[in-house]
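Next up: some structures, all given as structure tokens.
Look for chain A in each of the two complexes below; its partner is chain B in the first and chain C in the second.
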Partner chain A sequence: MSLLTKSPGEAAARETPARRRRRRVDHLPYLLLLPCLAIIAVLLLWPLGQVVWMSFHKLDSVRQLRGDREWPWVGLANYAQILGDPFFRTVLRNTVLFALANVALTMILGTLVGLLLNRLGKKMVTFVASCVMLAWATPALTGTIVWKWIFDDTSGLVTWLFNKLPDGLSTALFGRSDWTGYGWFNDPLLFFAILTLVVVWHSFPFIAVSVLAGLKSVPTELQEAARVDGAGPWKVFWKVTFPMLRPVFGILVVLSTIWDFKVFTQQFVLAGGTQDRTTFMLSIYSYAEAFSPPPKYGLGSAIAVILTVILLVVTALYVRMVLKQEDE
Partner chain B sequence: MTKKIALNGAGLLVALFAAFPVYWMVATSLKPNREIFSSTPRPVPAEPTLEHYREILTGNLIPGVTFADFFLNSVLVALATVLLSGLVALLAATAVARFRFKLRTTFLIMLLVVQMIPLEALVIPLFLMIQRLGLYNTLPSLILTYLGFSLPFAVWMLRGFVAAVPKELEEAAAIDGASRAQTFRKVLFPLVAPGLVATSIFSFITAWNELIFALTFINDQQKYTLPVAMTFFFGRDDTAWGSVMAASTLFTLPVIVFFLLVQRRMVSGLVAGAVKG
Partner chain C sequence: MNRWKRLAPVTAIVASAALVLTACGGSGDDDKAADNSKLTVWMMGEGGDAQTTFLDSVEAEFKKKHPETDVVVQYIPWLEAPKKFQAALAGGEGPDVTELGNTETQGWAAQEALADVSDKFNGWSEGKDILPDLVKNAQLDGKQYGVPWYAGVRAVYYRTDWFAEAGVKPPTNWDEMIAAAKAVQAKKPGTYGIALPGNSELPFYSFLWGAGGEIATKEGDSWKSGYNTPEAQKAVKFWTDLVTVHKVAPPAAAGWNEVDARTQFATGKAAMAFAGSWQGGAMKKDNPDIEKVWGTFPIPGPDGKPAPAFAGGSDIAIWKDSERQALAWDYMTVLLSKQKDKEFASSLGFFPVYQDLVSSGDYANDKVMAAFATAIQNTKLTPLTPKWVEVSRTKTVTQAMNSSVIKGQKTVEKATADAATEMEGILNSK
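Right after this comes the complex of A and B.
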């Protein structure tokens, strides 16, 4: 239209393609987003709603899932059954304690390693960081398999180490001197301790590298000034370093919490499947209820919903923190 | 001076703790059985051998199916995931990095939130979806699932790479008369390609490592991906640790190589904007 009212030369000079585009409402960004939105909606959001819907039904066979049989509505009966079950409370307690312990240990070890990397010489830092990266890169599956081998009850390294202890000392401390054939994974507490070791080993590198990146991005003058004024390392960390890195720590704690609440692969591999109910945590409990025969998809869904709600609360905290920083 | 020694000593301890299991995996895979099962473990293989690798690469795990078949299944699933997720993510990342539109912030917040959905909680409803679609026991069921899982992070990461390409280049191309499609193909795409590679590697690792869904959606043993095959054939009580460690090494190696190539971006992606320098 404008082309007709103005002289052709003037119009050509003003109306570069870029300008013309800016005028009308642009549909292109929405078109570009469409495939992405569709995939997220169908593969993440829809199932999220579906799991809630399933948790209100009694679903005990695959034929119900395929749609060959109807879904009897049971309301909150699945939740009532779970919440009334003392076993669920044990599982919930295990999950929360495990997550707390793992987040704390991962954060402490990761921060210490980050601080250490910040103080090391150039060659040393490259070497240590590369090694740390190896632990991070190793897939959860194979990392756990190796730890299982290290704790093998006949030829494992740990069994050998404990056999090496002087018999008297070993007996005095643990009540046994021969460790060959000792089932490291049989006692639930010991199982959780080893699982913690595996999970912390996998997750401390991310904390360490993030803390290091944080340390590199803040000015060092303040720390030096505090040191010159006679503050010890403990005081320098809590009074100077930590306050500056508070946002980083906030995000790291939330991410770790989310990850440690839903540990699955490591537990599945270490326990050799879903038979050992004494070491269940929420995610594996939900899976076992749904898929170990006899299948109970409704009940499993209800447990999954409870896990999701817990993580949702943590996520809300996370998003609030990120948004606050984008504003600053 | 003593302080420096203490620091370096601590560094060595950390390095040992972090790297030892990986070293032990490789070392065990190279030891003959009599060394693996001896009562005094050797730190280094005395007579290194490739027999375990030969064993898993040539032996049939079930009649007619070898380790290579599982490896191929995994590669197929991971590559398909990477291609699809890379393409879709590039379009979406261009939208958020190049345009200002109404729901832009809403979309970005949604990306953050969906990354926090516990995927473990979606096994049951996705199992239902796969059953309904008739995809149960097929590799596409996994490709579809992993596409959904890897996409949000891929968009989140790629948007930074797209934003880093100076807008003026595209405007110049537009002024020279290039169409939007041409600008995208000839200007933006080549400049974003390195970022696309980095993003693809993350999608690859996500798909390559995944266990739970592969365990649930696949029934036929010859369609197992590598992680499922490993828990199924090697997770048994009477474990042949030499073969297990050889298989683990072959599974882990590509991940470590890829990971080291892109780990820098990982940190900046996850804690982006946490510290303003």
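Right after this comes the complex of A and C.
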């Protein structure tokens, strides 16, 4: 927004022909946005509306989706059923705690790596940044399968490493010395820890590179001045760097929150499908209800709508915060 | 203001990258002409030379009557099948004839995916000899939606060489099974006595039935779960004690399915595994040498008699949306004829579905097949209701019950009581 329009005072100071040209250019951004909007409307808004519509119906046959059968209207019954189910509370708790932990860890690790990249020399920064970006570039599915092998109960790297520990030390710390056949994914807490590792590994490079881009675009004089005045690195970051980059951090937190709330692929692969119900989170819960036989598309849609509403609320709060700061 | 402006490009790039990343995905469609020149057949699994040769011979036979029709066989991996069926049903682009696991026929019939073949089946003379349990399993509300193609039961594969080294014989009851597992494990450190598929239900049912328990029985209009009974608790205790008390299977077994477990056996990490006769090929693929050192015995009951086995296998059905149903039935009668069924079953390690063929002496004399031939004499089925698939596949009630005990989250009493409540809730829902 602030990129394409100049402040009114500046524009008024120009001569008439220039102003006319400017007015014509004013429509251009909207024109350019149009194709993108059309695509979003077809690919995003239309299906979104359909999901909301479906959530008010009892849909349990594919033939209803095809239009061969009518859609019985049930009002809010699907929502009532989900919200009244104690299992939903477990799922919501899992989702919220997982998202909070992952957003925090991703932001911390990403920022630290971003600061590191900012300090490195030209050759080193290329090397480290490419290594880091490899993790980001790895498709979620491929990356997670590799992680699953790393934690394989018989021939995984982690199992092997733990077996290499001196028996006495291993027994003292964990109460066992033989790790072959240990179920890494058996305990829900351990499962979530591994899932967190995989998700953070996948998402911190994006934060790191974005923070680096932010750091490159703000003047370094202020930081130098602060350093000259005797501020330590901790103080420089919180008193100078962070306030300057607040908008970047704002949008990164929003994006991370959205991504971590709807983690699906990694969980689906690590848990081996939709069998481990104790570790369900909202997105896999929605998928399992909707598509596992017998299908319950209405119920699944209602869960998806609840997830969307939560995300919209979170996003709206952040956007408001960012806009408020802009006004200051 | 100034600061915000300077950061705007970064923010814009971040935001647009996010948009691009979220807007991925797509779908592909296959084309199919609506005429009689082509008959599409879906087969489950990965296929293989033996199956291709067999299906070619079926097509040659079928072409004698319909020379103008081309039979196109497509293989669908077992685990992909539900998604593929659902997509075909939603898009209206399905096969004409399909194979499907016999536990799934009722569910798909309830979803109106399959054509009612009652009249065609009743008018087909060879069909009268098919094992009645298997025929019943392909019915919904008294109508026939599929025809059994082949049958399979599970038994125990074991390492003959390790058993000999440890000086134990194939067990015939539960105590002997534990003793054998412990003996072999002691002799072969680093291996498991039993590769327990803790996250699978079908091998477990043999122990449930062997102990005299039932999954669920219909009383009047409502289903009653048998998991609350002492018999069922005895079976759950035996199954989970293998990990928690006798330690002849590892804790990770709580998450193993049958493929995971049989791979442990095939790759020389376990002395025993539950598998169907048709899985021998896959195990040989993992390790060609395993064939020299394997043997089989029927899953034992607690008291010395073989336990009942689940009557698994595949059905062949006609897709409801097919425009060539008469043609499809002609293909099915060739594929399912007694002669072809015998050929197919013997080439792939299955049993034919015809009573007279199963009881013939050929199988009893085979080193590996003899145990399966014994097991198939005494089979049982999972509850015959379209709701069963939700208990079995979606809520995985039995698997969750056993896993929770193995993982130490619940006692046997609590796990069985919870499972019984959940199962009755699903089976009796309106």
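The rule is simple: the second predicted complex is superposed on the first by the 272 of 328 C-alpha atoms of A that agree within 3 Å, B and C clash if a C-alpha of one lies under 4 Å from a C-alpha of the other, contacts with A are read in each partner's own complex, and residues count from 1 in each chain.
Rule of thumb we're sticking to: a residue touches a chain if its C-beta (ideal position, glycine included) is under 8 Å from a C-beta of that chain, and two chains touch if they have at least 3 such contacts.
Treat the numbers as computed from the prediction; the structure is a model and nothing was measured.
By the touch criterion defined above, A:294 lies against chain C but remains apart from chain B after alignment on the C-alpha atoms of chain A. Judged by the touch definition given at the top, the superposed model places A:153 against chain C, while chain B stays out of reach.
Of the two partner chains placed around the shared chain by superposition, chain B and chain C are both touched by A:62.
Contacts of A:127 after superposition on the shared chain: chain B is touched, whereas chain C is not. In the superposed pair of complexes, A:45 makes contact with chain B only, with no contact to chain C.
Applying the stated contact rule after C-alpha superposition, one finds that A:181 touches chain C and leaves chain B untouched.
In the superposed model, A:26 makes contact with chain B only, not with chain C. A simple residue count on chain A separates chain B from chain C, and the partner touching more is B. In the superposition on chain A, A:268 makes contact with chain B only, not with chain C. Residue contacts after overlaying the shared chain place A:213 against chain B and chain C alike. Residues 39-40, 43-44, 62, 65-66, 154, 206, 210, 213-214, 217-218, 245, 247-248, 251-252, 255, 272, 291, 326 of chain A are contacted both by chain B in one complex and by chain C in the other.
Note for the complex: chain A touches chain B at residues 16-18, 26, 28-30, 32-33, 35-37, 39-40, 42-48, 50-51, 54, 62, 65-67, 113, 116-117, 119-121, 124-125, 127-128, 131-143, 145-147, 149-150, 152, 154-155, 157, 160, 163, 201, 205-206, 209-210, 213-214, 217-218, 245, 247-248, 251-252, 255, 258, 261-262, 264-265, 268-269, 272-273, 283, 286-287, 290-291, 297, 300-301, 304-305, 307-308, 311-312, 314-315, 318-319, 322-323, 325-326, 328. Remark: chain C residues 1, 3-15, 17-19, 23, 82-83, 86, 89-90, 92, 104, 107, 110-113, 190, 192, 199, 250-255, 257, 264, 269, 386-387, 389-390, 393-396, 399-400, 407 touch chain A in the complex.
Within the complex formed with chain C, the residues of chain A that make contact are 1-3, 39-40, 43-44, 61-63, 65-66, 153-154, 180-187, 206, 210, 213-214, 217-218, 244-245, 247-248, 251-252, 255, 272, 274-277, 288, 291-295, 326.
Put simply, chain B touches chain A in their complex at residues 7-8, 10-12, 14-19, 21-22, 24-25, 28, 36-41, 88-89, 91-92, 94-96, 98-99, 101, 104, 107, 109-110, 112-114, 116-118, 120-129, 131-132, 144-145, 147-149, 151-152, 155, 171, 174-175, 177, 180, 205, 208-209, 211-212, 216, 227, 230-231, 234-235, 237, 239, 241, 244-245, 248, 251-252, 255-256, 259-260, 263, 266-268, 270-271, 273-277.
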